[in-house]
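Next come two complexes built around chain A: one with chain B, the other with chain C.
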Partner chain A sequence: MKNKMMSLLQATDLIKDNMLLAIGGNAMHRTPSLFTLALTRKPVKNLKLCGAAPGLATDILLASQQADTSYFGFSGLENEAGLSPGMRKGMEGEGKIRAIEGS
Partner chain B sequence: MEYGKPEMMAAAIIRQIEDGDIVFHGLASSTPMVAMKAAKAMGKEFTYLTLSDGVDHDWTRAPYVASTLTENTYTGSVATFGLDEIFDLYCSGKGDIAFLSCLQMDKEGRIAMSYLGGDYERPKLRGPGGAGSATLPPVTKKTTIWKTTHDKKTFIEHVDFATTSPPLDKEMTVITPLCIFKKPVGEKYLKVAYIFPFTTLEEVKENTGWEIDQMEVPVMNPPTEEELTALKKVDPNNILHFEFK
Partner chain C sequence: MIHALRAGAYGIPFMPVGGMWGSDLVGIRPEFYQIMKSPFDGAEVVCVKALAPDYAIVHVQEADIYGNCRILGPSYQDALMARAAKKTIVTAERIVGSYRMQEEPKLTAIPHFLVQAVVELPGGAKPGICYPEYQGVEWDKHKAYQKAVKADEVQKFADMMLEGRL
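Let's turn to the complex of A and B:
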């Protein structure tokens, strides 16, 4: 079987502009936050993100403005941390990120 | 035993569940989680589904944070049942209760979860989204909304954008810290079904953004010793109070 193990930074090389990324986990739990944090060090842009209940990992890419679209059923950090700050920054008022809500 | 608004709301949630019911709550649902664990502790025979994919998890595992995505809503489950399967089950008409909440609600029981103010493209406040609240009420027998604040900013005459509205052919129940509203089958508007023992119909009217023309409503019985004991037993870290801070 092909060995797919690689470093976090090598993995971020797989991501190109305009890609649609499915990001796992829900809210503050089980999200690949270190991966999206590593992605903020790359000049990648116009990403499309999707998840059932995206949280921290997704919000990092919304805050860094590297994503231009987010597909979600619920996007937030649950009661303890509240609404997602990156989502609010990117979607409220003149924010440029598109919210595609399917609920 | 003393009780306050959290315990009264939890007791109302417990009473909403009947033996044989299939009951689901999603994430960010600490109040129904504690109430449902207490209902299990009281021996109610219902099926408890969670967003952690658990079915009838070990209710003796106490919550330690207000999240409803942690292992204590899965460990000890009798089966693993994913969110896609939960939605399929409810869409086939077999779900009895889904516990949902809202940012705002209006007199028709329409729920705002998507945004407040502005419009969809340029909202003043971007909410978290419906999290299933558009899909579930049309197919769920007894959709139950809990909201831990009751004021005129929350319960308003008309929501700008309804993430969902209750179907005409289903009942819907709304549990607040002051009262229980019900939208009966075949009717369009919410009615006060009960007020809680520590309030008055006047106080409910003063804190609701639409005109309530009812003159008299029954008072719900306070939490029983059994309910209060069960709530204490399942929730030693007092997670029930989190949403009321």
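Let's turn to the complex of A and C:
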């Protein structure tokens, strides 16, 4: 087995334009939010995101407009955290982000 | 969505899915859903296209340096995502010795060979929740995020969070 430890910066460097990413966790739970916040500091764009119940970490990449497509079953933050603000901004009205809803 | 990831994990291009009948989604997303006939008896089935992500990105409570991961509490679809994706990037609350995995091999949700990168990142799900490490949303930070989205300042929020200035 190989040692795979790396810094957050090195790990975010693995993500390139147009990649499809599955983002783990659920709504506000165990969502990899610091990783996607770190991604917002990179010029990476046109990402495609997927998850059954994507939450905050996905919302961050929709808010930063680095994703152009999101596949989801349910997308939101739930309870008091409410709706997904980045998703609303990116998809409602003249939003350019493509929503592909599953169930 | 789960069937799409399952098809990705199994290495097949699509998967029949029950329960989609009656949904308008089937008609409006032909690039994701199609109806086909069963080769066995001609019955119509809805099929969903496979999703095979380039990376799965998951935050876990415990990982070892090789990428073996333990998820405490609900695992949602994370283990499936790791199998559907070409490779997985893991951020972990803490790095543990591999003896943790050897003690209870069945609790290894994601095995090392699916993983390309392991990042030690305590608080990696904040301002959200990571049971049992932190069990409530940090509301002041979450409100700051909501404001940042409205003001188009997500990158500034990211800087504040990552540099511990919030």
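Just so we're on the same page, the second predicted complex is superposed on the first by the 103 of 103 C-alpha atoms of A that agree within 3 Å, B and C clash if a C-alpha of one lies under 4 Å from a C-alpha of the other, contacts with A are read in each partner's own complex, and residues count from 1 in each chain.
Everything below uses one rule, namely that contacts are C-beta pairs under 8 Å (C-beta built on N, C-alpha and C of every residue); 3 or more make two chains touch, one makes a residue touch a chain.
These figures come from a predicted structure and were not determined experimentally.
A.B. asks: For A:91, decide between first (touching chain B), second (touching chain C), both and neither.
C.D. replies: first
A.B. asks: Quick check for you: in the superposed arrangement, does A:101 touch first (chain B), second (chain C), both or neither?
C.D. replies: Both partners.
A.B. asks: Look at the residues of chain A and decide whether chain B or chain C touches more of them.
C.D. replies: C
A.B. asks: Is A:2 touching the first partner chain B, the second partner chain C, both, or neither of them?
C.D. replies: So A:2 only meets chain C here.
A.B. asks: Using the touch definition from the top, say if A:78 reaches chain B (first), chain C (second), both or neither.
C.D. replies: Only chain B; A:78 stays clear of chain C.
A.B. asks: Regarding the shared-chain residue A:33, is it in contact with chain B (first), chain C (second), both, or neither?
C.D. replies: Only chain C is touched by A:33; chain B is not.
A.B. asks: Do chain B and chain C touch any of the same residues on chain A, and if so, which?
C.D. replies: After superposing on chain A, chain A residues 26-30, 52-53, 72-73, 80, 101, 103 contact both chain B and chain C.
A.B. asks: Per the contact definition, I'd like the list of chain C residues that touch chain A in the complex.
C.D. replies: 1-2, 4-5, 19-20, 23, 25, 29, 31-32, 48, 51-60, 65-67, 71, 73-74, 76-78, 81, 84-85, 89, 91, 95, 112, 115-121, 123-131, 137, 139, 142, 145-146, 148-150, 154-155, 157-159, 161-162
A.B. asks: Which positions of chain A touch chain C when the two form their complex?
C.D. replies: 1-8, 10-11, 14-16, 19-38, 40-41, 50-53, 55-57, 59-60, 63-64, 71-73, 80-81, 85-86, 89, 100-103
A.B. asks: Provide the residue numbers of chain A that touch chain B in the complex, in ascending order.
C.D. replies: 26-30, 52-53, 72-76, 78-80, 83-84, 87-88, 91-95, 99, 101, 103
A.B. asks: Write out the stretch or stretches of chain B touching chain A in their complex.
C.D. replies: 26-28, 30, 51, 65-70, 83, 113-114, 118, 120, 122-135, 163-164, 242-243
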